[in-house]
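Per-chain residue numbering starts at 1, and chain names A, B, C, D, E and F are given in the order in which the chains are listed.
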Amino acid sequence: MSNSSFSRVSGRAFDGLRPVYIQRSYTAYAEGSVLIQIGNTHVLCNASVLEKVPPFLKDTGKGWVTAEYGMLPRATHSRMDREAAKGKQSGRTQEIQRLIGRSLRAVVDLEKLGARTIHIDCDVIQADGGTRCASITGAWIALADAIQQLIAKGILTENPIKDNVAAISVGIVNGQTVLDLDYVEDSACDADMNIVMTGAEQFVEIQGTAEGQTFARQELDQLLQLAQKGISELIQLQNQSRTE
Amino acid sequence: MSNSSFSRVSGRAFDGLRPVYIQRSYTAYAEGSVLIQIGNTHVLCNASVLEKVPPFLKDTGKGWVTAEYGMLPRATHSRMDREAAKGKQSGRTQEIQRLIGRSLRAVVDLEKLGARTIHIDCDVIQADGGTRCASITGAWIALADAIQQLIAKGILTENPIKDNVAAISVGIVNGQTVLDLDYVEDSACDADMNIVMTGAEQFVEIQGTAEGQTFARQELDQLLQLAQKGISELIQLQNQSRTE
Amino acid sequence: MSNSSFSRVSGRAFDGLRPVYIQRSYTAYAEGSVLIQIGNTHVLCNASVLEKVPPFLKDTGKGWVTAEYGMLPRATHSRMDREAAKGKQSGRTQEIQRLIGRSLRAVVDLEKLGARTIHIDCDVIQADGGTRCASITGAWIALADAIQQLIAKGILTENPIKDNVAAISVGIVNGQTVLDLDYVEDSACDADMNIVMTGAEQFVEIQGTAEGQTFARQELDQLLQLAQKGISELIQLQNQSRTE
Amino acid sequence: MSNSSFSRVSGRAFDGLRPVYIQRSYTAYAEGSVLIQIGNTHVLCNASVLEKVPPFLKDTGKGWVTAEYGMLPRATHSRMDREAAKGKQSGRTQEIQRLIGRSLRAVVDLEKLGARTIHIDCDVIQADGGTRCASITGAWIALADAIQQLIAKGILTENPIKDNVAAISVGIVNGQTVLDLDYVEDSACDADMNIVMTGAEQFVEIQGTAEGQTFARQELDQLLQLAQKGISELIQLQNQSRTE
Amino acid sequence: MSNSSFSRVSGRAFDGLRPVYIQRSYTAYAEGSVLIQIGNTHVLCNASVLEKVPPFLKDTGKGWVTAEYGMLPRATHSRMDREAAKGKQSGRTQEIQRLIGRSLRAVVDLEKLGARTIHIDCDVIQADGGTRCASITGAWIALADAIQQLIAKGILTENPIKDNVAAISVGIVNGQTVLDLDYVEDSACDADMNIVMTGAEQFVEIQGTAEGQTFARQELDQLLQLAQKGISELIQLQNQSRTE
Amino acid sequence: MSNSSFSRVSGRAFDGLRPVYIQRSYTAYAEGSVLIQIGNTHVLCNASVLEKVPPFLKDTGKGWVTAEYGMLPRATHSRMDREAAKGKQSGRTQEIQRLIGRSLRAVVDLEKLGARTIHIDCDVIQADGGTRCASITGAWIALADAIQQLIAKGILTENPIKDNVAAISVGIVNGQTVLDLDYVEDSACDADMNIVMTGAEQFVEIQGTAEGQTFARQELDQLLQLAQKGISELIQLQNQSRTE
């Protein structure tokens, strides 16, 4: 597991992120609208403020944050069927949108948000691996922008956002632990994890899968280390983008 | 119906198009990928070449051109439900994607295309009226780019595209006939038509609807005149974009 | 485009309608119930008065007119799958029922109708081309009968119907413009239009499609002329049937 | 249970059928097409010959007889939702169409039918109770007509139909056993049965339901007696209609 | 039809039930929970008390008893598709669960039950013929246990259950009438019936089907006789199980 | 995080499993059939051998292992809607069944399995937390039994199973890390993880979620330690059960 002779197709270091580009106010109508590009993975994250809450929160005074995820049919190398045409969302889509929602709620004080929902739509325009992580990282910015607007309008007086949240993938490729897998690495990967962490370096979600090749405790420790580094960089980029 | 005292909110002349901006190769993987912006209406048109044909064309040697249409949930002023989550495409969506497919097929020689399908996905990123017309106009460019690639690769020797095709809306707003309605005009509109025409100024589709206020033959003639002018300009822009 | 040597399989003149037969009170329970037969195309149009309105009209005092369309599985030469068994209505079905609803609403004053819905079911018993046009023409009579009943019962004091509405198809077959296409003509047709007009000869809907062979402005003018003639005859038949 | 003081709203005797009217060749395209009217219950039964069999009969040389059932939305006193619009057939609809199919197959030699399917569509135009029984009785005639056509064309040499089959409802209304319940009787009914029998007075299906009021063995015997009388009359009418 | 030389694969007499084993309180949470085993047919019947009624009973003060039926995918010799995965319940499933509900309601005074629903879930763990009959027989015990709990809690003061109800299948196998068919007999069966009766020997439901071989009145009488014997034994077992 | 004053409602030690009871050959037909009870959580795991593979493995000679998961409607304290009746599986159900399938495949050599599928159905009879972990642990035994049968029949000569696999939940409840959460603990839980490991103490899946309260790296380490202990005990029980 020494890195001496190791090289990635992309030329990146084993612990290097792909170039990240964040564009706020990408569309005109959403209260928060962020196009996040991590390498060739491009996701549009639109945050909508809805003045209603789901039934289970009725009359509690608490708000909600939720997400939906979709992929344009030709976001990928070969065209996939359109989920709206098939008449249902795949298990994978539902898994991802549930993950995004949970990750965001972990850093929001739902009492302070009040009886409203922030609904984040994450739509993948182009996919080269890591779309769920890019969605979470971009969605947090869209969420923060939407909340900022509620504060600017005087609808909220206190900011319900408690911390940043961002996500990155790590994995073991040809026996080497690497950060931020692209599609080719992901496909060849023995084991991979998606890690979601806060600005305070607390874990929010850990999803590790080793269908191809199980991994030992020591490898897990290395992967967690890498993820921590990557997420710390992403959170810096989130904050930079919001001060521009 | 004199134009002396007439003014549009946008400041446009009654026969003026909104600014049109066309970006080719917008995404990396589709054989043709066009982002078309007509004012605040932005549609991504991705053309995929699929080496198969629908069942009814099996063993005929003929090819097919078809389209699917979707709108991102927050493309509009207020968020709409995601069709994939609802589990079905609306009647409006199906109507539009059938229209796009027919319009493109009217200018393609399916025999020359050979036993393959060009599948165009039109996804509306932002909507301010006229999304079906922008889809058709952009889809033709994506189609032409995908075909060009087949020719460049030597898969096709003859170009199956017989002519350009483009589309524009016209309508009667406050008694005045106008070209290229935006969302506000469309909502206030007494009657509106979507016209699809070829480079040779032949009609492909005419869809006129006058739920609010029926219209006389003379008004129809004026609307057709306006559409002809608008489409002729759009076709010039299509051709310019492909030589850049 | 001279008619000297022209002949239709049916023996009809190029501008001749098929025989029209209208039977009112066809079923016992519907407030308006009309079987319309245009040649071999037979459509049962049942109008139901429902004392409720769709959600978007709640508390406005306005009423609604809407339609649903269906085809019995063996209305056609070969059996089609039953939409209820397939679990969804086709895009074509939805397109047609939306068209019927819009056409009828164009001649009804929804304020005067009051907070109720007239729901028209158009079910095709036998199909030989032109089912959507026959549906509109028959549905208007069923609508008028249902309204008449509301007036007779003293529920309405003023008639909300502003004018007749009827529809007919026209097309170019072997280079010749013809009125009221049957199935064989429709299949062989280069271009066809469905035109919906009022008694005052105002246009309500124009739907022209030229997938096979695009058409020039001059041909369009001829088609509109033919449609105007046909619709004028249909409206006379509507009125006759209601005085019998 | 003496009949001295008994009277039915319709004036019928306790063992009297409603007037039956059978019209063959009702539509132009189906191989067998029968409109059967039993009182105010009107069902259109169309038999289609399909030159294919369901998967489980592949390569067996045997044929199949199956049925689908539907009700026009305004066949009843108040409008019901359209099953195609709701996106599924109700449990009741599925129960009925399975019953019709089984009843018909009981009198057909599927080996002699050969590798083809007779698909019967029973669509209720107007409903006043007993629609499933009218469907079976009418469907048999449509089936026989379709088979006759196969024999006339020389496709079949032997008639695969072994016997007639017909169906009728019986029930206990206000303590009195009656034949052929109309909708009002059916609603007020304590217990009712649908009986399907052959020309040889053999039972095919017995479906008795006593949700309101259970019944004793002696009452069951009376009900079976009544049904036998009614079915014998219906089979006579079936045979008459086919010789006209 | 003499029984001299007759023998069943199982060695049972022609009028013998399979061994019946009833286990109450099978699961911990349901208000009534019964595992009923009739030979190799094992059904878990869980009764849930829901303090709500279906819409059509709103504000009537009456309660409701209803049932749902399911089969584990590998309850049978070869695996069947899971209905939840297919996205719909089969016609057979719906038919059976409607039957169970009707059978139970026939012996419950819905006024006395009050404005609540007893919802019975019958899930087949293992299937060897007769699952619908075992479901009804077991469901009655689960229902009685749930009601008993309502009485014990003082929620009900009077028992709304009017009588026992149980069900059994009978059929004609190789010309011999037999009681309680297992899967092998059911498959080879010429004609079979499911009979539902009360403790007072009143009929609740009779469902006879003779797709393979129709049957005469005399055979019907024998089948009814057999069923009466079987149900009388089952009801004794129901009562025994509840006193243990 | 000292354990001195800590106590669980169940009286268990913070690192104690609930009582585990495993019953093999629970149903008669499945090739492997295991009822696993972990405390009050009871799951029936049936393994079916299907002599076919999914389309993407066609002609590769490789086999497949997959799983489906369901919960009986009254497995829980209050009744849940039946997924088959709702017409779709929830996101949660799909997430779980995908997890079970991946976990099992991680320890199976699909080449050695040959062109067949082992399909495991995990149906929850009673649920008290940890159903997905119990499903994985029980499914492995059912899988092993089904494979054993293939070996016994001489269909397989080499055992494709490479190792055991089992799963357990861990979490932080009131600031204390605990093993094997029951429903009450799970509901009150700040953060919980499901860990899947092999007999060789390799990780297969890690799913940690901290919607309520994020957790630090040190806590993660404690949780992983606990899981390792629990899984090691479960694997011992798996092996014991298979030698009985």
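Methods note: a contact is a pair of C-beta atoms (placed from the backbone, for glycine too) under 8 Å apart; a residue touches a chain by one contact, two chains touch by 3 or more.
This structure is a prediction, so every number in the text was calculated from the model and none was measured.
Undergrad: Could you name all chains that are in contact with subunit A and with subunit D at the same time?
TA: Touching subunit A and subunit D alike: no chains returned.
Undergrad: Name the chain whose C-alpha centroid is most distant from the C-alpha centroid of subunit A.
TA: Measuring from the centre of subunit A, the most distant chain centre belongs to D.
Undergrad: Over half shared or under half: which fits the residue numbers at the contact of copies subunit C and subunit D, same or different?
TA: Counting shared over all numbers used gives more than one half: same.
Undergrad: To test your reading of the model: what rotation angle superimposes subunit B on subunit E by C-alpha positions, in degrees to the nearest 5?
TA: C-alpha superposition angle, subunit B on subunit E: 180 degrees.
Undergrad: Would you kindly say which chain has the C-alpha centre located farthest from the C-alpha centre of subunit C?
TA: If we average the C-alpha coordinates per chain, F ends up farthest from subunit C.
Undergrad: Cα centroid separation between subunit D and subunit E, in whole Å?
TA: Spacing between the chain centres: roughly 28 Å.
Undergrad: Would you mind pulling out the distance in Å between where the CA atoms of subunit D average out and where those of subunit F do?
TA: Centre-to-centre distance between subunit D and subunit F: 52 Å.
Undergrad: Considering subunit B alone, which of its residues make contact with at least two other chains?
TA: Where subunit B meets two or more other chains at a single residue, that happens at 87-88.
Undergrad: Which of the residues in subunit C end up touching subunit D in this complex?
TA: Going through subunit C, the ones touching subunit D are 27-30, 33, 40, 42, 44, 46, 48, 50, 68, 70, 72-79, 82-85, 87-89, 93, 119, 121, 123, 125-126.
Undergrad: Mind listing the subunit D positions that touch subunit E in their complex?
TA: It comes out as residues 88, 91-92, 94-95, 97-98, 102, 105-106, 193, 198, 200-211, 214-217, 220, 224.
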